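Every chain is named by a letter (A, B, C, D and E) in the order it is written, and numbering of its residues begins at 1.
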Amino acid sequence: MEKNLNNAREEIIRRSGVNPSKCMKCGKCSGTCPAYDEMEYHPHQFVYMVETGDIEPLLKSQSIYRCLSCFACVDRCPRGVEPAKIVEAVRLEVIRQQGANHLKAEGVAENLDEEIPQQAIVTAFRKYTK
Amino acid sequence: MKVTYFPGCTLKNKAKQLDIYGHKCAKALGVELEEIEKWQCCGGAFTTSSDEIATKLSSVRALKEAESKNQPLVSLCSACHNVLKQTNHAIQTNETFRARVNNYMADGEYNGGAKVMHYLELLRDVIGYDAVKEKVVNALNGKKVACYYGCLLLRPSKVMQMDDPENPQIMENLVRALGGEPILFPYKNECCGAYVSFENKDYTAVKSGKICNNATLNGADIILTACPLCKYNLEKCGSDIPVVYFTELLAEAFGIKE
Amino acid sequence: MQRIGVFVCWCGSNIAATVDVEAVSQALAKEPGVVHSANYQYMCSQAGQDLIRAAIKEHKLTGIVVCSCSPRMHEMTFRKTAESAGINPYMVEIANIREQCSWIHKDILTGTEKAIVLGRTAIAKVNLNAPLTAGESPVTKRALVIGGGIAGIQTALDIADAGFEVDIVEKNPTIGGKMAQLDKTFPTLDCAACILTPKMVDVAQHEKIRIFSYSEVAAVKGFVGNFDVTIKKKARYVREDVCTGCGLCTEKCPVKKVPNEFNLGMDTRRAIYIPFAQAVPKVATIDADYCNMLKNGKCGVCSKVCTAKAIDYEQKDTLIEEKYGAIVVATGFNPISMEKFDEYAYSQSKDVVTSLEFERIMNAAGPTQGKLVRPSDGKHPHTLVFVQCVGSRCANCAEKGKEYCSKICCMYTAKHAMLTRDKYPDTDVYVFYIDVRTPGKNFDEFYRRAAEEYGVHYVKGMVGKVMPEGDKLMVRASDLIANKQINIAADMVILAAAIEPDKSARSIATMLTASMDTNDFFTEAHPKLRPVESPTAGIFLSGACQGPKDIPETVAQAGAAAAKVIGLLAKDKLKGNPCVASSNELMCNGCSSCERVCPYGAISYVDKEFRGPNRTVLVRRVAQVNPAVCQGCGACTVACPSGAMDLKGFATKQIMAEVDAICK
Amino acid sequence: MQKITREILIDKAAFLLSTGVVGSVFGWRAGEFDYDVTPALFTDKTDLKNNFVFGDFCGANVSKYLIKATKNAEEKILVFLKPCDTYSFNQLLTEHRFNREKVYVVGIPCEGMADVRKIKEKAGEGILKISSTEDGVIVDTLYNGTISLKKEDILLERCKNCKSKKHVAYDELIGEDGTVLENDRFDEVAALEAMSPEERFNFWQNELSRCIRCNACRDVCPACTCEKCVFDNPESGVENKAAYNSFEEKMFHIIRAFHVAGRCTDCGECSRVCPQHIPLHLLNRKFIKDINQFYGEYQAGEEVGSRAPLVNYTKEDIEPNDAVNKGDK
Amino acid sequence: MQVNEFKPKIVAFCCNWCSYAGADLAGSNRLSYPADVKIIRVPCSCRVNPMFILRAFQRGADGVIICGCHPGDCHYTSGNYYTRRRMALLFSMLDYLGIEKDRMRLEWVSAAEGAKFATTMNEFTEKIISLGENKRLEDLRCKK
């Protein structure tokens, strides 16, 4: 991942429309996150690390695929910071790289079962691939 | 009255009951769901990133059609509703986004004139629960119902504006109108695990399991939902509490369920 | 023609660094009317003022222009200087060449050029200035205090002790306010009732104080020193002068299920009630919404049992007109509604309570007689979770809650946690905080004691969600220090709800024409230097109506407001602002446009006789301005089509001259 | 055109004079030519019989004259008011400009008044006689013989877009009262608004540069009743007697329009009397149109005592910056 | 520096209680804005007579801006509400006469908004510079 990371910070902020410096470090996002235990970096860390420009660990972390986009953090943040949008912007930073799709077409079949709704498949593709 | 209807892929496939009973109940209430002729998949998720344009165009086309017919755009699937509503909101509030989208719109601009409405909102705000009540033939007789909203109907609440995002009552009041008894259900807006079930079923089973558990603990007979993916996840988590679409319950109360 | 002196101040280097003061004073010397022009290092200093005084004498100056800092800073100073040298203080104009010039421009050429224009503009105005004399008005030596909480009580006592009459208007049946509902007070842990109720008794017994309880301010007219206030005394259906407060009626009343507001609805009272044992006045009140006799004429039990014959079902609201010289607002605060914060399940479980409710639970006179039990099942709770900043410190864009810090929550939560652990050592107490803010005397020590000596678990992080499950409250929160999400099965959750100004404050502010901020807190005349005065003359602020405050701060401010009121009432006459509107009767059409835009009702009309042609007499309706009421906004001057209405000190011709000078 | 004849009015006036209800009559006095009619006060019955006229050239709004006429009048004054005049009448009462008790109002219907300029344009100079017909006039001229003209071609501009045939004030009515009419009086304003700023500037530059500052518009305007006009008052800072440069006439007309904004009843007298044919009513109508759009429909003079929009407000009023940009995307 | 660089003349009417204090705050915080802006202090924005604005234009101002307390915060409770109506109508009228509508502006600036004051003045000046000299309204004969 040879990318100008300073640029990545600006890019993530621009794309997400989130101003991480609005964060007052209360931790309510992480206190509310249903995917917390699955994540190496937690919502408040995403906000803080983007604010300080510490992007690389986030890009490499599986945490970006664990966010459920449930928007609970967005709704409950007392400062209107919208952490989920930051997570999504970081994920896009990764999957928009050439060949960096998180889901490979060949892996799809094994995940399917009889009842799985189409909604799950399209959403997963929208979230995990370019 | 007529409304423009956006079914979405899942309703034509794995979630046919949601669609079929949605149509039947609407008919019983004197509303025709006029399906958009050439609808395309909404994409399943609204990408919040401001530079995503192409993936949102199918929604914009649907919105434009509803606007041109001067009808509200109604959907049943939570995901479709969420994507349509968020897209519409982005068009209305973000000038750059609107301009960029309209670069792709071959036959005329769309500027956010459509009104996006979930079927539940149609019932509550347009038809009214009193009118719904009048159509009930098989009252639910105090059936204990856990109304499960999940995320997509409620959040982001600034955009969705369906109800109080922390303690919504739109489904509860519907259940009451049908003669059922909604239970106290604090997990009603917890995430079921969503699309992660596609690659990690154990993970979603934990999330959904907590929800079903809370419903059972609080005495529910069934869980009510509007979302095919939620239904799938809740049913796969190992709990045996039945999960039904709200349109099914509606049809049951109206006596039009086969 | 005026003889104008121009005085250019260097303000040390504040002005002189970016404005060539010598060049400015030379350039301005050539302006029409200017007979003297000088510059000096600090015009506002004693030496600078002496310089001005000497020049006035020497050059027989009639007008002064000082090129210096903002008139908001030293206009008064220079007016006094001029006055002491024998010229009218309103013959002074300030050219603001510091804030508007030297401080914002870096280049000396630009700064100097602009300073000359600003000076020229002030000179153009002074050329048209006329001496103004302030009118005088008498002072009614009585004060009104709106609100009978600790703020109002303290203010009233202090004013009354100085020998002036005070009336307290309290909307509830008793004075005492929020403090009467509190259990203990931080950081000393003395009981609130023990320190408050003696003050309430003092108020009741003070010969200079009258209490209008169960009353509201209905209308306010007039101006500083001369307010006419209409007080609405709500019908309480009990004759205050006769009721002995024996309380028999409140025991016999058959309507038992009325939510008791004093205990925040956690228990019930009768339809006729005395809010609490130490109420002042200790008089019963009938709640018309619940009383069977008032609703359908069937009952009358209270009347039968009352030996004093105090019950009067026919009582009506009465309006009382009173005159005051000063008004103190002490309308206080309330916790915000938890409706929009249902992630904490306040509406879903009785065991989620606000801190004020917890205060009542802990209070020996409360619904549980001070026993800590769960409201849902009366069981003793073992795990308690306190959540701080519920609705405080919320960004505007979050669309719920308040932007400000409510200030008192950190300390009362520490108090609650400490008292809980003290009385019930078998409990686990968690406090979730964003920051613990304890800037007060002995405050931080108090908080540390809670953590260190009483073993309260302070967790840095916020609660994300509370979910009732069975008889437990599942609390999900983050522990930011451990970088963990933690789940606690709690028995009770206590929410430190943000506080907001009382809802009545907005309408009172409108009646008083006192300004408020966007949060409905009253605005002070100056945030630092005049913190207990409203910008509207004669209106003073006491307690939490001006901003969140704890008890010691409230009492301090209450005393300060009283001191300001005493200072006002001690005067026999007030000098008004001479920059008021006045109508030229020769040109006035009597059309009423000005009267309609006047926010103070300062304009009235009279039929006046004028000499017409050929010795005839014409009667015309013309406007007259009451200079004591007019505040000088100038709205009338623009509403007036004929230009008959003008504003002294800001006359049309003066402003036109300024415009011309700038555009030259 | 007019259905009411001078005889009916003279009879009414004579009756009211002789019964002592009124002491004088305000109406229109005949001039040298048929179209040359002046508002005037009649105290004498003979004078009334000989010189009182009513016809297609009685467009003048006589409300304003009541201020002066009532000043020293001992007895009531009879005044004949057309529907549009009654709005001005009410507006003047709202502003306490005269005493209602001193006036006896007889409301008279109006079929629309004729514009002599338009007649002259069509019939040429040398007009000898103009007689009214059912749907127009017949003009006898010196050079062009007898010409018959249709009503719609000769109506005063303001009558073409008559806003109301309803009397909002009267003590007595002659004939049936009419109703408030649908009209498109704002079309011209809208057409101007649709132009580019340059076109608008050129339009007004062309119109207003013809102004000779004769003050006729001000003197006739029933809203311009100031004891002393700001433009005549040295204290006001804007005093001047004539248009002496390219901006002065603009300033005069903008300020005049602003001073009457919210008080102007749109009677159209300003344009009727302008010797330079400047469409001054388009300035007033712009204010009326904006007021209606920004603050809700308001008709000055409809009701005595109503609060004019400029001495009123709501907390949600449009912001000025939005007000000027409302047409933009 | 260009010799004939356009230096606009801008008149700013500021109410004493909010906007003038806001300008003072901008000064105290050393927030610069162009020297072309000259402030006239009025007790309240409602003291600003349309005549003043026209007079400024007549005497060669290139832009006029009126600043007052935010609606609801008027020191005199309602003055700025009247200003808002008067200016809405006046601006609309000037626009109707074909005068560049961006030459006049109304802004609400509180005593706490020093930064807003400076930004507003910077933006407004920039706008006026882009519009160039006020030819449509200026009275040449009043120039020296």
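Throughout what follows, a contact is a pair of C-beta atoms (placed from the backbone, for glycine too) under 8 Å apart; a residue touches a chain by one contact, two chains touch by 3 or more.
Fair warning: this is a prediction, and the values are worked out from it, not measured in the lab.
Counted as hops between touching chains, the shortest connection from chain C to chain D is 1.
Interface comparison, B-C against D-E: more C-beta pairs in contact at D-E. Distance between Cα centroids is largest for the pairing of chain D with A. For the pair chain B and chain E, the distance between C-alpha centroids works out to 51 Å.
Between the CA-based centres of chain C and chain E the separation comes to 32 Å, rounded to the whole angstrom.
Once the centre of each chain is set as its mean CA position, chain A and chain D turn out to be 71 Å apart. The distance from the centre of chain A to the centre of chain C, each centre being the mean of the chain's C-alpha atoms, comes to 46 Å.
Multi-chain contact residues, meaning those touching two or more other chains, occur in chain A at positions 72.
Shared interface positions of chain B, defined as residues touching 2 or more other chains, are 190.
Among all residues of chain C, those that touch two or more other chains are 343, 399, 465, 597, 639, 652, 656.
Chain pairs that touch, as defined above: A-B, A-C, B-C, C-D, C-E, D-E. Across the complex, chain C is touched by residues 71-72, 94-97, 225-230, 233, 235-238, 259-260, 263, 307-308, 310-312 of chain D.
Of all residues in chain C, only 584, 586-593, 596-597, 605, 612, 616, 618, 620-621, 639, 641-644, 646, 652-653, 656-657 touch chain D in the complex they form. Interface residues of chain C facing chain A in the complex, by the touch rule stated above, are 343, 389, 393-399, 401, 432, 434, 460-465, 476-480, 483, 485.
Listing the residues of chain A that touch chain B in their complex gives 14-17, 34-35, 38, 65-66, 68-72, 74-75, 82, 84-85, 88-89, 92, 103, 111, 115-128. Interface of chain C with chain E (complex): residues 70-72, 96, 98-101, 103-106, 110-111, 113-114, 117-118, 121, 510, 513, 515, 517-518, 535, 579, 597, 599-600, 631-635, 637-639, 647, 650, 652, 655-656, 658-660, 662-664.
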